[in-house]
Amino acid sequence: MRLPHYRTTASQSTITIRCRLFGRYADALGVEALDLDLAPDASTRDAVAALRSQLENAELIPERPLVAINQRHALPDARLRDGDELAILPPLAGG
Amino acid sequence: MRLPHYRTTASQSTITIRCRLFGRYADALGVEALDLDLAPDASTRDAVAALRSQLENAELIPERPLVAINQRHALPDARLRDGDELAILPPLAGG
Amino acid sequence: MEHVTSEAIVVSDLLSHVSAVERGAVVLFLGTVRRSAEDGPVRGIDYSAYVEMAKGEFGRIVQEAGLRWPEARFAAQHRIGHVPVGEPSIAVAAGAPHRAEAFAACRFVIEEAKKRLPVWKKELLDDGRARWREDRQRDSAPPRSPCS
Amino acid sequence: MEHVTSEAIVVSDLLSHVSAVERGAVVLFLGTVRRSAEDGPVRGIDYSAYVEMAKGEFGRIVQEAGLRWPEARFAAQHRIGHVPVGEPSIAVAAGAPHRAEAFAACRFVIEEAKKRLPVWKKELLDDGRARWREDRQRDSAPPRSPCS
């Protein structure tokens, strides 16, 4: 699968994370996965801000959505590392 | 089925109840049902006393066993009426 | 469905009895004949009952549960006669719109059944011996219905 | 047994997975797709999931339950894809030596699953429309494991 790839910094020193969208977010934005280049000290909050500024319909994603990093629930200000998988989760509705 | 029948009073004015035994009581006493003649104002306690004095091995039955009258749990001093079915219940162990 | 049966309990019958599209939660309890260090070499239990009363009492328990949880539906069975180790001797299913009620209603029925059903068990051991097993108090106070 | 499946849930598989002669109590919870006045004309739900994470998270929940109730055994499945009204979308079974633990352990697993599994539902209505259904808060605080 070829993923959309967005750069948010011009610097050489960036990290790349994989961003995944689910449920109504994936539906509305028309994308399920994309790579994001971020500053090395970026948090999930920065990643969300980048998504919100770059993707159409991304205002559907709240500023502090539920997130998971590398398939574990994470805090909204968690620090990201190069290669992380960041999932933006709509409100959970399992069961 | 012919039931053993025990008279405890000589008076004409008696009530007859049917007494049923279960579980270890029926096992030890070798009887599952019998009729008892009792005074008209008899309580379950009187019926139990009669059983204990008249049947072999009946000391296994406590003085105040768990009882049911007409298939409902009853208090140990409940008043009996002619025709009642009095069940003497070992400690319950269902489930 | 009979509350007291001498046949094997069929779980799927209980589940379908309490299931319906408007009840999104089903809780099932199964009590099975146990064999463990604590219990000794039990190969089965012979359950005996005051059958007419056990049926009536189980019916009253379910009725009381229906008053407490009016949207719930229940299925409840006690098996009597010989029940081999590992097989269910009692089953209670409760279906309700939401899970909190389904759990509470199922728990209510099994707790009341344990306290109130006139049922007795004789354990059958590996060596062929049998023994009456009583786990409850020998008290003469009758088990009280919580609603009466 | 996979924690996330796209096939129909087979209740008997869950029950046999948690049953054993030393565990005398089994509690099963089934969450089924509901149709009621409150829910509207729902004919089914399309469940989607972050599958890899949902499997891992359900596994962690069961593991945490195993630390709390070391003698218990668990089976837990969430079905994804289309689930017609009346069929189970989630099932949790807990087998334990005694019923108090079996009830508590089963309840723990379903409550945690509801809070923590990355699963979403799109209701399919009689008229052919579909709508996302969210019943939980839109909060950004991550669901916390009670053990971490």
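Going in written order, the chains are labelled A, B, C and D, and every chain counts its residues from 1.
Convention: a contact is a pair of C-beta atoms (placed from the backbone, for glycine too) under 8 Å apart; a residue touches a chain by one contact, two chains touch by 3 or more.
Note that the structure is predicted; figures quoted are calculated from it, not measured.
Student: State which chains count as neighbours of subunit A and simultaneously of subunit D.
Tutor: For subunit A paired with subunit D, there are no chains in contact with each.
Student: For subunit C and subunit D, what's the span in angstrom between their mean Cα positions?
Tutor: 25
Student: Per the centroid of Cα atoms for each chain, what is the distance between subunit A and subunit C, given in Å?
Tutor: 51
Student: Distance between subunit B and subunit C based on Cα centroids, please, to the nearest Å.
Tutor: Taking the mean C-alpha position of each chain, the two centres sit 27 Å apart.
Student: Can you list the residues of subunit C that touch 2 or more other chains?
Tutor: Touching at least two other chains: 31, 110.
Student: So which chains end up touching which?
Tutor: Touch list across chains, by label: A-D, B-C, C-D.
Student: Under the stated contact criterion, what part of subunit C meets subunit D in this complex?
Tutor: Answer in residue numbers: 11-12, 15, 19-36, 38, 85-86, 97, 99, 102-103, 106-107, 110.
Student: Which of the residues in subunit A come into contact with subunit D in the complex?
Tutor: So the residues of subunit A touching subunit D come out as 20, 22-24, 27, 62, 64-68, 71-76, 87, 89-95.
Student: Over in the complex, which subunit C residues touch subunit B? Could you list them?
Tutor: 31, 47-50, 52-54, 56-57, 78, 89-90, 110, 113-122, 132-144
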